[in-house]
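Down below are the structures I want you to see.
Consider the two complexes below, in which chain A is the common component and chain B and chain C are the respective partners.
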Partner chain A sequence: MTAAPRPTTVGEAGSVGKGRTLPAGAADTAPGPGKRSWRGTFGGEALSGYLFVAPAVVLFAVMGLYTVGYGFLLSFASWNGFMPHWTWVGLDNYADLLWRSPIYAPRVRSAGLNTLWVMIAVPVLTVMVSFPLAVLLNRARRMQAVLRSVFFLPYVTSGIAVFFAWQYILQPDGAVNLLLGQLGLGSLQQPQGWLGNPDTALPTLIVVTVWSAVPVSMLLYLTGLQTIDRSLLEAAELDGAGWWRTNASVVWPLLRPITAIVVLLNLRDSLQGFQTFLVMTNGGPGDHTNVLGLEAYSLAFLKQLRPTLGLASALGWLLFAAALVLALINLRALRSKT
Partner chain B sequence: MTSIPVADKRPHATAHPDRAGRAGGRPGESGARNRRILARTVVGLLLAGYGLVSVYPFLWMVSAAFKDQLEVVSGGHLIPKNPTFDTLIDTWNKLHFFDFFLNSLLVTLYTVVLTLVIYAAAGYAFAVLRFPGRTFLSRLFVSLLFVPGVTVMLPIVLLENEMGILGTHWGLVLPFVNGGAPLSILLMTGAFSAIPAELRDSARVDGASEFRIFLNIYLPLAQPALITVALLTAIPTWNEYLLTRVSLNDQSTFTLPLGLQTLAAENVPHYNNLMAGALIVVIPVVLLFVCLQRYFVNGLVGAVKG
Partner chain C sequence: MRIPFARNVRLVALAATTALTLTTLSACGGSSDSGGDSTSLEMWTFKQSHVGALRAAAEEFKKETGITVKIEAYTPDDAYTTKLQSSAKTGNLPDVLEVHSDGEDFVLGAAGVAADLQDEIPDSWSGRFQEAIKGSGTVTAQKFKESQAKDSTFKGVEQDQRFSVPLTAGTFGIVYANKRKLADAGITEAPATWEEFLDAVEATHHKDPKTGGISLGLKVKSTGLTWVLQPLAFAQLGKQAYWDLFGKDKATDFGSANGTKVLSMYDEITPYWMPGSQSLTIDEADQAFAQGKSAFAVGGTFTLAFLQQNGMKADDVLAFGLPAPKGGAVPDRALGPLALTGLSLTATSEQPENAKKWMEFLSGTDVAANFAKASADLPATELGADSAKVLGPALTSMMESFEGTEETTYDPSLNDFRPPGYDQDVAGEILTDLSPLGRETPAQTGAKLRGLNSDYWATQ
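Presenting the complex of A and B:
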């Protein structure tokens, strides 16, 4: 695409040039040297291209390709990380995880079920909170910048520190129970703590996940809203559509591509993410908040001498397969939009 | 603003909705105005309400960080009765949070610098230079986005164990840098592509080398993208916990998230110290965000769209 043979500024550039021996006039008039230097440039260009990507490629080869290949092979072996040799077991790891093993298959099934709940609830709730929030925020004029920063705080600090803060306020004598008592909703208080009660632990973690997912989704909706032509909304209002109708039947359909992105981002994060779960409950109480990512992590790192490394790899690859399916749906959904 | 002349041509148009209130003269105007004020109030309350939800855990984090051990155990109020700096000072000094802070700073700094150097160069190659295999390579990098972190974490730890860098800061930095590749390459390639090719062409005629063009023309022009990449690398690195937890063993190498983890893992966690530590983790990030907000927003939107 940069095939334009001669830039028009040659004369000017030549006069400022330092190391160039060819007089500006000669370069201008003679097509011969120009052509040769173009070919030379291209050869040099390929070389510099490789030089420029070399560091990234080397790092990727070691930390990316090698580890991916290693992990893939390991998923067909049994190993505890200390024995000198792997024991090849073929597809046994996959079979054990999916149906065969009486120890692991039920765990994977219950973790899969929990993951499924998270994958359903988090995207739906995130859209339900962030779309109205963005619409309201878009209306607010004066306070918009300040409020946007405030709403963004959960994203900026999303990490272990904030999850400990959540853990702190969700304790039996924590701030959430305190607040409920003050609001006269004492019957909703959780004496075991919100994360200690098996019935409330998973919903609570879902709420925390939504809380940290809302900022980015809201921001995406907000940028979408700002691209909508104002006259379109005015036309709807003139036709007698109230504020509610306008948003429900004009804005919402217009922003459907953004909803697709928000849903898919959150689906992917719900499938793969487990940090909140590891930090706040570590799967407990009694595996009620175990999810697939966490199961893979504990199979890989928390089983000491048991030969679960192959199982961990296999579970990782099952997650990868699921992520790939999501990505393909993603691609198709985005393509059908354009 | 362009909508106003259009609206004027139509007989029923009331121009801009905001101006309708001031236009006056029509029956029911004051009722409409009252409704609008009511709507404004409701919107304001809803926004403030969610704002409170957003900051709620932080409020209690700050509150606990200024309480002493006795008060934090007895639960109680958001506003500490006897606010004290001792908790923060103790956490910083006696609980080694100063060391953890330095370690976090080093790891983050190395990761950001390496990321900028490596992926600015790669982005330049992908955006500007033409060489066989360019498309294939750039797709390969982006495809890394779809590999779940937990899938490669185990091989990374095993590999680093063999290389002898497991447990060192470099053992964290290298995978962090590589993990940021897709996003950084995407953002840098986008920024370099937007720079007109004529600049490079004329510099070439000038006899400038490829490296010089990159360094003196493209890098300065791509400064906003560089800041965005730095931010979007620094913050996840600062907070990283999953790989760090299984890599580091020696407390002298611990980063802040691991420091927090050791406090939380005590039999009876001292929540005032834990929250003071959490505050130490959060404050630098919030400061960065407040100062460089617009780079964040641009970067996130660009990253998702790409």
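Presenting the complex of A and C:
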């Protein structure tokens, strides 16, 4: 806490439309319009301000701009992470990934198709689960905080360990098959495990991804629900709308911006995320659960030191471009409907 | 009016922020901390099972020379590679690295990370190694030719350069059988042929369909191909016909009758995989075997150490090389030994002489014998007449599978018959659809493998 007096803003009139912040008592000594001195710009207050900002700027320059720039340049090169020099290949990496290479292009297409399924299923299922859950939680009269914590648990505990735990649950002798057997639903058991059958592996991974995405989405919906004016809900009730109709026709439309955010976040995660897939299946069995994020990781680190880091970087930039397009579409949709 | 205290607080805050930032940034750089101390070395390994043995050797080395060696392990292999990449960039490498022989060492050498040991290994040192692997780590004429390929990972090396000396030896395609499960199924001897092996698996599987099968970490995609199919195909077809499977000639490649024949043989084990093998890593599959969830496990000579770490005793298992088919071209096929891991000296080591002393120390007969006992791994050093006593029956029986002629020995280190840049993982993915998934027939799988090989040849 500082003991210094609050600053006052001066110079609204005639200061090229921009107010300058000066300490109280300094206004009378401040240079007038057009008289901004070097000392005013770089000395004293300004200098300490710049110095305060400098660490963040330096950190961003080193950790952000440098790495982003480095990665972008790498996408035009061939390198294995060890060789002293990069080999410049121009746009070859992009061409190889998109259509030219008989080795890489088909893999990218196949991974792209799997990614598309994930991008469709995860946002839809997440909304389908988290919205009703938030509505029910919002109505809970007792233990709301406890329930909220319980439902938030998957997010707090998410990580490699949880994915390993899921793996054990989904094994041939894991809890899911055991439970199905106990319930007399043996025909639904997966003898090769839920991750060992190509028909169930991708849907299972989608379910696990949704499980870890629901908590944040539910909290977002819950926040939205608590900002809805109660008078609107009461008006709907007075007009004879039941619980279902109120939620479908009043609450759901009002929470459309939240839905847009939830969808956008999950689309981005589905497009770029790969941890679940790496830990639980490594894209297998075979290549049946390979996704684009995992393919990029694999090109970077799992190619036995082949010079494929440039390809990995190019794929990363393609994913970035796709994410940007999705964000713009989402933003546009959000603007037009709210 | 200003209160001086506020200014002081601000300055202190500024200084603290700047200091923190500089600390953070300085953490991004740095160099190996072993460099400053002339009696301290650092060595990294990717084999957890080697750590104890190396540390024990380091204690002996310190007693002899006064030089301390700090051993650090980074596992699994992928994490180790990433660690090497980042440390090479930041100049933070140790003095000595354990590396995958005749592959990773060349990559490191080409990149200037590993020092060239070409004239540094006298005969008195290299003569200690087993004859078949004494030159391991050297860029032979064949390896130099491989380095010239477009996608070679070690482009830039020169012939006769040497980037490692061998530490451990061994091979892939070693089958481990649970003796108790074999006895329960009425089997007392190791199967001598592929057919007998299938009969044995059928017997243990019949006894207990859930825990009587074969475990193999098929989540690591190339294992089925490199540890089972390839040695099997070599034995069935003979060396040249096996090489031709990967060639350009459609009459003899994987899509041919020969390809269908060996893929059909591989497919014979499909009913006997341990449930869920396709979702297990190599370690998980070996753990499953150690826990009694399968009767057989396929691995390498190095697997025994891991099984022991997981509670199995060497006496609990019967180990033998993957048997050859009775009517095949090479019924007495041997599994060629190769240097599995080696020691590389980093080019940035500030104590290369001390580091070389340590590397040479590890190749000593007594040290290697102790290393073998402690790690349950085969050392690269020739142990002489006492080897059976030192290694124990399990490792000794594995070494018996090495005995063969040049024509009858399957050598997993040879690669020049494959298209340059060939990725075994992609081929392994195709093979998984045949076995264990059963989604493709042998002929369909052969056609896909032919397509893959053609694509690789076409990109050259």
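The rule is simple: the second predicted complex is superposed on the first by the 287 of 338 C-alpha atoms of A that agree within 3 Å, B and C clash if a C-alpha of one lies under 4 Å from a C-alpha of the other, contacts with A are read in each partner's own complex, and residues count from 1 in each chain.
One rule holds for everything that comes next: contacts are C-beta pairs under 8 Å (C-beta built on N, C-alpha and C of every residue); 3 or more make two chains touch, one makes a residue touch a chain.
Model, not experiment: these values are computed from the prediction.
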{"item": "Combined model on chain A: chain C and chain B, fit or clash", "value": "clash"}
{"item": "Partner chain in contact with A:Phe60 - chain B first, chain C second, else both or neither", "value": "first"}
{"item": "Chain B versus chain C as contact partner of A:Phe320, first or second or both or neither", "value": "first"}
{"item": "Which superposed partner A:Ala175 touches (first chain B, second chain C, both, neither)", "value": "first"}
{"item": "Superposition-derived comparison: chain B or chain C, residues of chain A touched", "value": "B"}
{"item": "Touching partner for A:Arg245 - first (chain B), second (chain C), both, neither", "value": "neither"}
{"item": "Touching partner for A:Ser48 - first (chain B), second (chain C), both, neither", "value": "both"}
{"item": "First (chain B), second (chain C), both or neither touched by A:Leu137", "value": "first"}
{"item": "Which superposed partner A:Ser149 touches (first chain B, second chain C, both, neither)", "value": "first"}
{"item": "Partner chain(s) touched by A:Phe301 [first = chain B, second = chain C, both, neither]", "value": "both"}
{"item": "Which superposed partner A:Arg256 touches (first chain B, second chain C, both, neither)", "value": "neither"}
{"item": "Set of chain A residues, in rising order, touched by both chain B and chain C", "value": "2, 4, 48, 52, 55, 59, 62, 81, 167, 173, 301"}
{"item": "Contacting residues of chain A [partner chain B, same complex]", "value": "1-2, 4, 7, 9-10, 12-14, 16-20, 27, 41-42, 44-50, 52-53, 55-57, 59-60, 62-64, 66-68, 70-71, 74, 81, 129, 133, 136-137, 139-140, 143, 147, 149-154, 156-162, 164-169, 173-175, 178, 211, 215-216, 219-220, 223, 229-231, 234, 237-238, 243, 261, 265, 271-272, 274-275, 278-279, 293, 296-297, 300-301, 309, 312-313, 316-317, 319-320, 323-324, 327"}
{"item": "Chain A - residues contacting chain C, complex", "value": "2-4, 23, 25, 48, 51-52, 54-55, 58-59, 62, 80-84, 101-103, 107, 167, 171-173, 191-193, 195-196, 198, 281-282, 284-287, 301-307"}
{"item": "Contact footprint of chain A on chain C as seen in their complex", "value": "1-3, 5-6, 9-10, 13-14, 17-18, 20-21, 24-25, 28, 78, 81-82, 84-85, 88, 103-104, 107-108, 110-113, 151, 153, 155-156, 210, 218-221, 275-279, 421, 423, 425-426, 429-430, 432-433, 436-437, 439, 455-456, 458-459"}
{"item": "Residue numbers on chain B that touch chain A, as the complex places them", "value": "3, 6-7, 12-14, 16-17, 39, 43-44, 46-47, 50-51, 53-58, 60-61, 64, 75, 78, 117-119, 121-122, 124-126, 129-132, 134, 137, 140-141, 144, 146-159, 174-175, 177-178, 181, 185, 197-198, 200-207, 210-211, 214, 235-236, 238-239, 241-242, 246, 256-257, 260-261, 264, 271, 274-275, 277-279, 281-282, 285-286, 289-290, 293, 296-297, 300-301, 304"}
